[in-house]
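We call the chains A, B, C and D, going by the order they appear; numbering starts again at 1 in every chain.
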Amino acid sequence: MSYIDRRMALFAVGTVVAATVVFAHAPVSAADAVRIGLALPLSGAAATYGQDLQRGAEYAAELINQRGGILGGRKLELVYEDEKGTPQGGVAAVQKLMSVGRVKAITGGTNSSVVLAESSVTKGRILQVNAGAQADAITEQGSPWLFQINNTVSLNSEAFNAYIVKTLKPKTVAYMGENSEFNKTVLEKLKESLKAAGIELLSASTYDAETNDFTSILTKIKASNPDMLYVADAYPARAAQLWKQVRQLGGFPTEVMSPGVVTPGMLKPAEGAMNGVYTGEIFMATDPGSEGKEFIENYQKKFNNLPGKGELVIFEAINLIASAMDKAGTDSDYGKISKVIREGAWPSPRGSLRFDEKGRARAPYFYIQRVDNGNVVQVERMKSN
Amino acid sequence: MELLAQTLVNGLVLGAGYAVIAVGLTLIFGIVGIANFAHGAFFAMGGYACYLLTARGLNYFVAVPLSVVIVAIIGALTEWIVIRRSLYGDSHHGSLIVTFALGQAAVAGLILTFGPDPLPVPSPVGQSTLRFLGIFVTSQRAFIFVCSLLVLGALGLWLRLSIKGQQVIAVAQNARGALYSGIDVPWIRAIAFVVGVAAAGLAGALLAPITTIYPTMGNGALIVGFTVVILGGMGSIPGAMLGALLIGVANALFETYVSVSWTPALGWGLVIATLLFRPQGLLGQVQQHRH
Amino acid sequence: MSMALDETPAVSARDITKRYGGVTALNGVSLDVQKGEIFGIIGPNGAGKSTLFDILCGITEPSSGSIRIMGTEMRGIAPHLIARSRVARTFQRTAVFAESSVLENLLFGRQTSFRHGVLGRIIGSSTYAEDQREFQNLVEEVLALIGLDGERNRKAGVLAYGVQRRLAIGVALMSDPKIMFLDEPAAGMNGRETADFIALIRAIAPGRTILIVEHDMAVIRQLCGRALVVVDGKPVVVDEPHLVLRHPEVVSAYLGADDD
Amino acid sequence: MAKFSSIGTEMAIQDIGTVVAKRQTSAVDNNASGRMVREIIYVVCAVAGIAAFGFSFSDPFVVTLAGYTCAFALFALSINVILGGVGEVPLGQCLFFGIGSYGAAIGMGKAGLPFEVAVLIGLVLSVIWAAIIGTITLRLTGAYFSIVSWGLTGVAMVAANNLDDLTGGPLGLFGFPPIGIGPLELGDPQTYFLMTATILLASILFLVAVRRSPFGAAMESVRQNPHLARSVGVDVARIRLKAFMLSAPLAALAGALSVPYTQIVTPEVFSVANTVDGLLMVLLGGARLVIGPVIGAAMFTLIPQVLNLDPNVRILVFSSIIILIMMFAPGGLHQLSVALRERFGRKKDVDGVR
């Protein structure tokens, strides 16, 4: 091999060695601490979500450790790994957390594809609590040590659609939404509920992520003039754009947005175009129930702004892991921990959470909201089941 | 009937926007002889320049021309520092890789500076719409349509009437011949490149209020640009305009009457058809494999 | 052009015309080159000599006119097929495969007559061995001819310009061509190199027909039996070089063209 | 005979990037045999290295990552068949990567075929598509080929998003039965690494053989100078097409081998980001060497892991490096070394002449 090539080969080998060395000697502080691994998108497109979750997790761990930790005084230690918002990243992150980070449980999760990839690694090997990702598929196969904090898409849709057919009572509906992993479920659920209530779905238009001009779609929908427009899009700026274009066309009698996606980041760029739009959510920081008050106040004191849903669900995830381990009296007998989780009822800022056999928690309350000059206001607080 | 008319209007307005992007692309291909994969990045820069200026409280109508100037300057620097070296280097595909890498780097840079999330660009004519005989066009789109026509017209006149324009055409037709007849070909190429990317920047600034701006906004523009350019004929400016209108209308019709989700595939369907039955494009000359 | 009617000419073109858009690069050029002849094509820069060459060996399609090589019509036949019918061509620029060694260049010149494939190469089949043997003999012969025996492992790109020119001829020779098109083969050679080159052409001439586009009149005078003059894409005169060069139009054309 | 074989080796050695310009022909014979020996030694070392790494490291994270790197290096190799082989830029190569992934996923998940059969189907499909796309685009200028193949990956992504029944839609395909080839269980990190690494090594050796064959010579001549190649009888368009059809199954294989690692196949496999990564690997390692892309892949995967780079920083840095390389050393880092050696060599000649 020529001089330079040999150098490059050596360099490559060198990096391998360096890498392994780095991984092998990962710092182990507080040997007795219970290490919990968080695979979060700390870089890439979803980095902002990752930072929200990190804040929420830190807060939860801090409170628990103030209370003296778990399992007789053992502190919680959070270990972060960047999952970069891609399945490959997720797999690498989880494996690194398990083998190098030597964590006792895995949590995190914002993107369903990523969590699905991760769950294939954790399945049968470690406890995983998916805080944010919503796809039903994640818990569909029902892996025994996998739990879900946030409502799945279908749970959200069922709650919200009930309100549509019982209260809003449109005669005809037109649907439009991004062709995304969970909008498919949203659309299926919508079809079911409307069919059951004898409401006609005039058209369902899905567009891909690159779309930002909705004139043609809206022109078409406008021509069929429905009582209600149902929009499903989780992407703040694009949704804002979409609603502006709806306004420019004069709008529709009733307008709703798929539940769980309306955020300040969407309302601000919409510049008032979303006023009057109905939506639903599992939690309302501006109007929490009695259970949430304390959490909200303390959180506001500490960070002087309201917690988002991301902060909330990861907060609940960390608490669930900690108190379940504490109650089960073990940090590694996952069969036992999982059994405890399934049997117990777990207090949270949203009220007490219960997990079904698939490991899903159903939000204790579901909030119907309407956008009113740039902010969401509560229309109704529905108790689940 | 009204739906059809409305759809056609939407398509034409859409196409006018595409035309500005595609003309820049085809100009660069025809004169400089490279497929500029960084075109989308310059489109995005136009958008972001406009955002920064309007965020400083500048009026949108002032911000647009300024954004174009900014993009033109960036383009000039790029040409001077990178393009001519990589283009006149001995590797024929160098320019392609370099522009591609430039585009990737620029997008990554935008993400790192402005974050991945889209940002709104307010337009003074924001919400208002114009209506005539039941057909409506939002004021911003009307503005885009007019601007495109003006710019393309001006470009056409420049090429026809000015001396530089004539030289550009000469280089496009036969670079060596132009060189023999004493035209400063590298200089002409530089001009063509700058004009081309400036056009992309203009398109970005014009569309920003409609689409909001985000780092990868250029990808869509680049894809549309290439489909239009191949359809119209690489290097042919009239071809680019024709292709833009065709694809604009085709997309609108397809979205309204067939399927929204498959629309992105439509352009490439047209391209494949073109390459099969008329490889030189609608108004282009035959391209032989030369290096 | 009415010599040797009994024989079909090696190369014969009938009023070739080529237009690019508005520009007419070639206008009604005809020529007949007899087997075994060394035929020159001269004219000032941009007169269309190279275009004519490209058309004669099929790289460019003429707007009108016909080309026959060894009596068969060549229009519409792919250039690589023409090349395989033992017609070779060298280029003005990019004369050799600069990144490869002299031997590799000659190998590239021979490649299309190899019969072994990837598998044959891996298992070292008998056809592979044959191909090797043939190539081996030919390569030594050619190396001797072009006088690059000692340079066989040098990279072509680093060779002196004149040497590259000789290598280019060597690459062409590897397919043992019957007809050779040499596009300004002596361009940029110094006196000594030019002399060597002329000797080389004389050495390979027997049994071949050679067409040369050349600026250097000395080369044309010493090598060619006849020469065609092209000015502004139009044929001016075909005759023996020394006569051609006295032709008034040629003189004026050259005086006009030499200041570029 | 002996002399000739030296030519074969001469080319081969250049493939492996170790052309040492010889000065006298007398040196040829022993050099040749010497090189043969050295090459065999390289292969033996490679095998030993793979085995050593595969068996000594048990840490699943490191080992699977290494395995995935091998799979992706295979993808880089396929890109280099086009880029370093015939000098075109395959911006749409992730199309075949995706076809391989989806082929494996659909074959296993939907059709319940064994992994190897599913992979095989994927490879065949990739070749067919390469034939179609190549025939349409490769007779035109390089730009057309790059643009259209790139554009078609977008179409593939739309298709993957919308053909739910086949592709599982936006969420993709997941929840596969345990993936294995015969008795070998690819779920096990070490097996996975040994499998991918072996396939990678085999592919490298195959590509070396290809480069030494007449087809390899044809590709090289087309890359260096299509005009001249045509004038010596090479059917340029056909060679380009064949190279493209050779590269496609390699990419598909890489895609299929990445499935046991990612455990999910989403429309994102068609994202241009994949192609970009592959291209950067090739250009970093040097397009002129067969092993260049592998070196590139190692650097490209491990450096970010060690430094924990933000993907955007990574793209920014590596793209800039590429631009510099293309501006000053289009042949990649390898070209620099060659350039150095030549400068050194040329001096010698001058002295020799005087």
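Please note the rule applied: a residue touches a chain if its C-beta (ideal position, glycine included) is under 8 Å from a C-beta of that chain, and two chains touch if they have at least 3 such contacts.
Treat the numbers as computed from the prediction; the structure is a model and nothing was measured.
Colleague: If you average the Cα atoms per chain, which one ends up farthest from chain A?
Modeller: Checked the centroid distances; the maximum from chain A is C.
Colleague: Go through A-D and A-B and name the pair with more C-beta contacts between its chains.
Modeller: Ranking A-D and A-B by C-beta contacts puts A-D first.
Colleague: Quick check: how many Å separate the C-alpha centres of chain A and chain C?
Modeller: 72
Colleague: Compute the distance, rounded to whole Å, between the mean C-alpha positions of chain A and chain D.
Modeller: Centre-to-centre distance between chain A and chain D: 38 Å.
Colleague: Go ahead and note the Å separation of the Cα centroids belonging to chain A and chain B.
Modeller: Distance between chain centres, rounded to whole Å: 38 Å.
Colleague: Could you give the separation in Å between the centres of chain B and chain D, each centre being the mean of its C-alpha atoms?
Modeller: 33
Colleague: Would you mind listing the residues of chain A that make contact with two or more other chains?
Modeller: Residues 44, 47, 179, 208 of chain A each touch two or more of the other chains.
Colleague: Can you tell me which residues of chain D touch two or more of the remaining chains?
Modeller: 158, 161-162, 225, 227, 236, 310, 312
Colleague: How do the chains pair up in terms of touching? List each pair.
Modeller: After working through each pair, the chains in contact turn out to be A-B, A-D, B-C, B-D, C-D.
Colleague: So in the complex, which bits of chain B are touching chain A?
Modeller: 2-3, 6-7, 10, 14, 111, 115-120, 122, 126-129, 136, 138, 141, 210-212, 214, 217, 219-220, 251-252, 255-256, 260-261, 263-264
Colleague: Where on chain A does chain D make contact in their complex?
Modeller: Listed in rising order, the residues are 1-5, 8-9, 11-12, 15-16, 18-20, 22-24, 43-44, 47, 82, 84, 86-88, 91-92, 95-96, 98-100, 112-113, 116-117, 120-121, 135, 137, 141, 179-181, 184, 208.
Colleague: Chain C touches which residues of chain B in the complex?
Modeller: 173-174, 177, 180, 285
Colleague: For a test of understanding, state which residues of chain C touch chain B in their complex under the given definition.
Modeller: Chain C residues touching chain B: 20-21, 23, 45-46, 260.
Colleague: Mind listing the chain C positions that touch chain D in their complex?
Modeller: Residues 57, 59, 78-81, 83-84, 88-91, 94-101, 103-104, 107-109, 111-112, 114, 116-118, 120-122, 131-133, 135-136, 149-150, 152-155, 158, 171-172, 174-175.
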